[in-house]
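The structures come next, written out as structure tokens.
In what comes next, subunit A is part of two complexes: it sits with subunit B in the first one and with subunit C in the second one.
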Partner chain A sequence: MRRFLLFFGKRLIFVFPQLFGIMLVSFLLLQLIPGDPAVLMAGPFATPKVLETLRIDLGLDKSVAEQFLIYFKNVLRGDLGNSWQTTRPVTEDLLQRFPATLELIILSLTLALSIGVPLGRAGARLKTGFTRKVADYYGLFAGALPDFWLALVFIYIFYSVYSLVPAPLGRLDFMIIPPQIVTGSLLIDSILDLNFQAFKNSVGHLVLPVLTLGLINAGPILKMTQATMERMLEEDFSKYAELCGLPDKVIAKKAFRNSLPSVITIVSVLFGFLIGGAVLVEIVFSWGGAGQYAVNGVLNADFNPVLGFVLISALFSLVIYLIVDLLYFYIDPRTH
Partner chain B sequence: MQEKMILSIDELSVLFPNDEMTSAIPVLNKASLNLKKGEIVALVGESGSGKTILSRAIMNLIPSPGYISDGKIIFNELNLLDLQREEMVKIRGRKISLIVSNPKGELDPLETVGQQICNVLIHHLDFSYSQAKKKAISLLRDVRIPDPESRFNAFPHELSGGMAQRVIIAIALACDPELIISDDATSGLDVTVQAQVLDLLDKLVREKGSSLIFITRDLGVAAHFADQIMVIYKGQIVEKNNVQDFFKDPKHPYSNLLLASFSNDPEIKKIWTQKLSLEPEDISIKKCVFCDRCIKAKPKCFHSEPEMITIEGDLQVRCFNPIERAL
Partner chain C sequence: MGTDATGMDIFSRVLFAPRVDLAIALFGTSLSAILGVFLGAIAGYYEGHGRLLGFGSALIMRSADVIQAFPVFVFAIAVVAVIGQSVQSLVLAIAFVNTPIYLRLMRSQCLSIRGMRYVESSMVSGTGDLLIIIKHIIPNSIAPILAQLSVNIGWAILLTSALSFIGAGVEAPTPEWGSMISMGFQNIVTGHWWPSIFPGLALAFTVLGFALVGSSVEILSDPIRTKKLLMSRPLVGKPT
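The block that comes next holds the complex of A and B.
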């Protein structure tokens, strides 16, 4: 237990310098984006005097170092600035948008795991046969399909043609009363609020985007599981288990357990990627997610949302990698 | 008195084709051996002679692309090569078990050693987990691992080589097999640990009356430990005898070469350190496997294969010109 706490503590300490570094680098990178925020905010008809006032307001007249210091001090207070597009504090915007994205990607990755892992396992064990072919082709196609295209195809089939799901306009139909926000996840909050209308409606809205992201991300998970398991089945310990006359199921279970670190790794990488990478699906479904928010910020030289997004998603990534390290520690006794 | 033959290998050949499938190396070349119940037989040969493949062939687990091309393996009057996979799985680890070398590499790194012993007990003998745990701890005690109750929960990487080897022995003995094969079980261990492991194996095997094929490259270990000795060369058993008579009076020219390697004559030593080259051979040419290196070779040896002949008692030789007196 003590070793575990030491390990955990050491990793935790590193989080803070990592966050500072990320803040610094993203701040500096954003300075490279062309476009004058003042001009974009004020519009093409603003006079130079208005622009000048605006610039001073935004603090754009100060040096980069000074601007960064101001920003850093504000972040420590919890102030991520305001978005001039939404006219609201970035913190508020993110508190609304991050849970939307998280709910989406957690459900999608769960679906992806439940497709990718069993197929990958089966693909490793069976060298020939129908299941193996399914696994091979699935891995191929899932990697080749663009997510926004698949999303549009699903919308066409399930909404336009068969009307099986509600319109792809966000997380909830506007006439449904939303539940009280506790966690930010509509599914959890509507259960807590006993608001079953909202629950049913949010499930309907979640089906297609989750299906899209889930089916596509199952591809890399399948490939990784299959490749790692194939390797494990060639290892000495698998051959020895065969020499001891252990049944195939047991040998497969041992090989899979030894493959877990790779599977966990790929899921964590996908998670970190999807926080921003789900943006195309978010746009197609008007999801109001974090990636969408950040992309709009970049397109309109609205710095604060972008910085806020980068910071919070970096924080998330660090948390995920910390959890992953703890999982490795738990699974593999050699890390002790 | 009819002594029970527990294992009888008859003209077993194993081929490893090359990549283009145009030719094949005969790793085992009409190998034959007979093992009586309760015998401890040392199988001695140089690297590449086919010892390990023989052990894997008995288990019918030849690594691909190798395959058994001919021959029979009769275990308790049953030809193992005729069995279906499911039946063979019931024999491995239970009636016939294998002690491997490199124990830490062969154990599952993510399971405790105790659990790995329990696996064979649970799957072969239908033990419940608690029964298996009790038996596993007593097995750990039998192989002289100190503090077996807590060692049960140890992981392979936490053990030394000698301890891990004892665990492998425990796994091999768990189901009271009739035949144990030890494949170079003590290579890579310190000499003192080697001696301990050998004494342990000796004691446990004799207590249970199991038969043991002890594969080694070390003649000294064979002398100390075994009842019978078999010499293998290029995939064939060329001589078999009881240990005392073998060392007094080896009959096959190759056996003499092996023993001569301990002599001080540099010339003989030079021949001995020549590495065995496994070239794809035309196995249709009939000749003695050893004729190319044999100092006693006659023209006949290059044109026909000698049979394995029982000369007297324990002594069997596959040679046209067995040595009458030791060199």
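The block that comes next holds the complex of A and C.
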């Protein structure tokens, strides 16, 4: 246990300089974006005097270094500034939108894992045959499909033609009373609120985006599982087990246990990627997630949401990597 | 294949789109490969050196870390936003996002080749650093780079069309798969599937093609696997 704490502490020290670096670079990068927020805020007919006072209000008259210092101090207090598009504090906006994205990503990755891992395992064990073919082709096709297109195909089939799911607009129908917000995840909140109508409806809204992201992200998980598992089955310990006459099932189980670290790695990479990468599917389903918020920010020279988004998603990625390192520590006895 | 909402012919636009898509993807990935190979070779060759060169190598790697810490898609949009929306800025955005991938690949190749006997003997006999990099290190590490290049062109096409889909890429009258899909996006709910489905299919098959080329290059660059492949019935695109 002491070793574990030591390991954890050492890992934690690196998180802070990393976060600071990300903050600095994203701040500088966004300084380069042309477009004057004051002009965009006040509209095209504003007088120069109004613009001037607005600039002073926003702190745009100060030097870049000063601006960064102010920003840094505010972030430490949990204040990410205001978005001029929604005229609300970015922290509030993100707190509302991140759970939507996270709910989507977590469910999608669960689906992707439940497709990718068994198929990859089966593909690695078999050299020929139908399942092997399915695994090989699936890995290739899943990586080639654009997710926003697949989402449209699903909408066409399941909504336009068969009307099996509610309209692909947001997370809940307009007529449904939303549950009390506790965690931000509609599924959990509606159960806590015993609002089963909302639960049913939000499940209906989740099905298609989760299916889209799950099917596509199962590809990399499958490839990784299959490749590592194949390597493990060629290792000496597998050959030894085979020579000892252990049944195939047991050998496969051992080999899978040893390929777990790379499966965990690919899941963490996908998670980090999806926080920003799910934005296309979010747009198609008008999900109102965090990625969509950031993209609108970039397109409209609204800097604070973008900075806030980058910072929080970086924070999430770093936390995920931290958890992954702890998991490695747990499953790999050599690190003890 | 019919026409879209504005009456433009979908078939001819789907056929014309690769001129834009492929050009952007090819230029973008080639640029990033050249940059990445160059920087990666330097970072790998001088890693662990004292003073300025070692510092330069560390600096290159840490900058790559920072670039990769950003969400790829938001970063690409930001790059396009910084330099203005045009074909050239898409090329630059793709080059920027992909460079760290080649950089890392080249560096790890370089680190393993640097320790080889022929490189060491070359160093001992007084060959200049630059000549060693050009003569020995780059030619010997080119195979995985080429395999990566092919896969990456596929990704770059996906990224270009994704950027165009949200309106930060190629603009409307120019035929481009992503923007075509987005033009059909509003009408798919009412059952008009053809303006979106066909460009998406073209996109998917193009990316698939590049992925297949990539996995073949990888197999062919490994003599043992090439032999295995020639002996047995070829397994189509064995993913690795």
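By our rule, the second predicted complex is superposed on the first by the 336 of 336 C-alpha atoms of A that agree within 3 Å, B and C clash if a C-alpha of one lies under 4 Å from a C-alpha of the other, contacts with A are read in each partner's own complex, and residues count from 1 in each chain.
Following the convention adopted for this analysis, contacts are C-beta pairs under 8 Å (C-beta built on N, C-alpha and C of every residue); 3 or more make two chains touch, one makes a residue touch a chain.
Model, not experiment: these values are computed from the prediction.
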{"item": "Joint occupancy of subunit A by subunit B and subunit C, clash or fit", "value": "fit"}
{"item": "Which of subunit B and subunit C A:W149 touches, first, second, both or neither", "value": "second"}
{"item": "Touched partner set for A:V134, first subunit B, second subunit C, both or neither", "value": "neither"}
{"item": "Which of subunit B and subunit C A:N258 touches, first, second, both or neither", "value": "first"}
{"item": "First, second, both or neither for A:V15, with subunit B first and subunit C second", "value": "neither"}
{"item": "Which of subunit B and subunit C A:D332 touches, first, second, both or neither", "value": "first"}
{"item": "When both partners are placed on the shared chain, which of subunit B and subunit C touches more of subunit A", "value": "C"}
{"item": "First, second, both or neither for A:I191, with subunit B first and subunit C second", "value": "neither"}
{"item": "After the two structures are overlaid on chain A, angle v-u-w for subunit B, subunit A, subunit C in degrees (C-alpha centres, nearest 10)", "value": "70"}
{"item": "Touching partner for A:K223 - first (subunit B), second (subunit C), both, neither", "value": "second"}
{"item": "Which of subunit B and subunit C A:I320 touches, first, second, both or neither", "value": "neither"}
{"item": "Minimum C-alpha separation between subunit B and subunit C after superposing on chain A, in Å", "value": "6"}
{"item": "Subunit B - residues contacting subunit A, complex", "value": "59, 61, 63, 88-94, 97-98, 100, 102, 105-111, 119-120, 123-124, 155, 157-158, 171"}
{"item": "In the complex with subunit A, residue positions of subunit C that touch it", "value": "66, 69-74, 77-78, 81-82, 84, 154, 158, 161-162, 165-168, 178, 181, 184-185, 188-191, 193, 196-197, 200, 203-205, 207-208, 211-212, 235-240"}
{"item": "Residues on subunit A engaged by subunit C in the complex (per definition of touch)", "value": "18, 21-22, 25-26, 29-30, 32-34, 136-137, 139-141, 143-146, 148-150, 152-153, 155-156, 159-161, 167-168, 223, 226-227, 272-273, 275-277, 279-280, 283-284, 291, 294-295, 298-299, 301, 306, 309-310, 313-314, 317"}
{"item": "Subunit B contact footprint on subunit A (complex, rising order)", "value": "236-237, 239-247, 250, 254, 257-258, 331-334"}
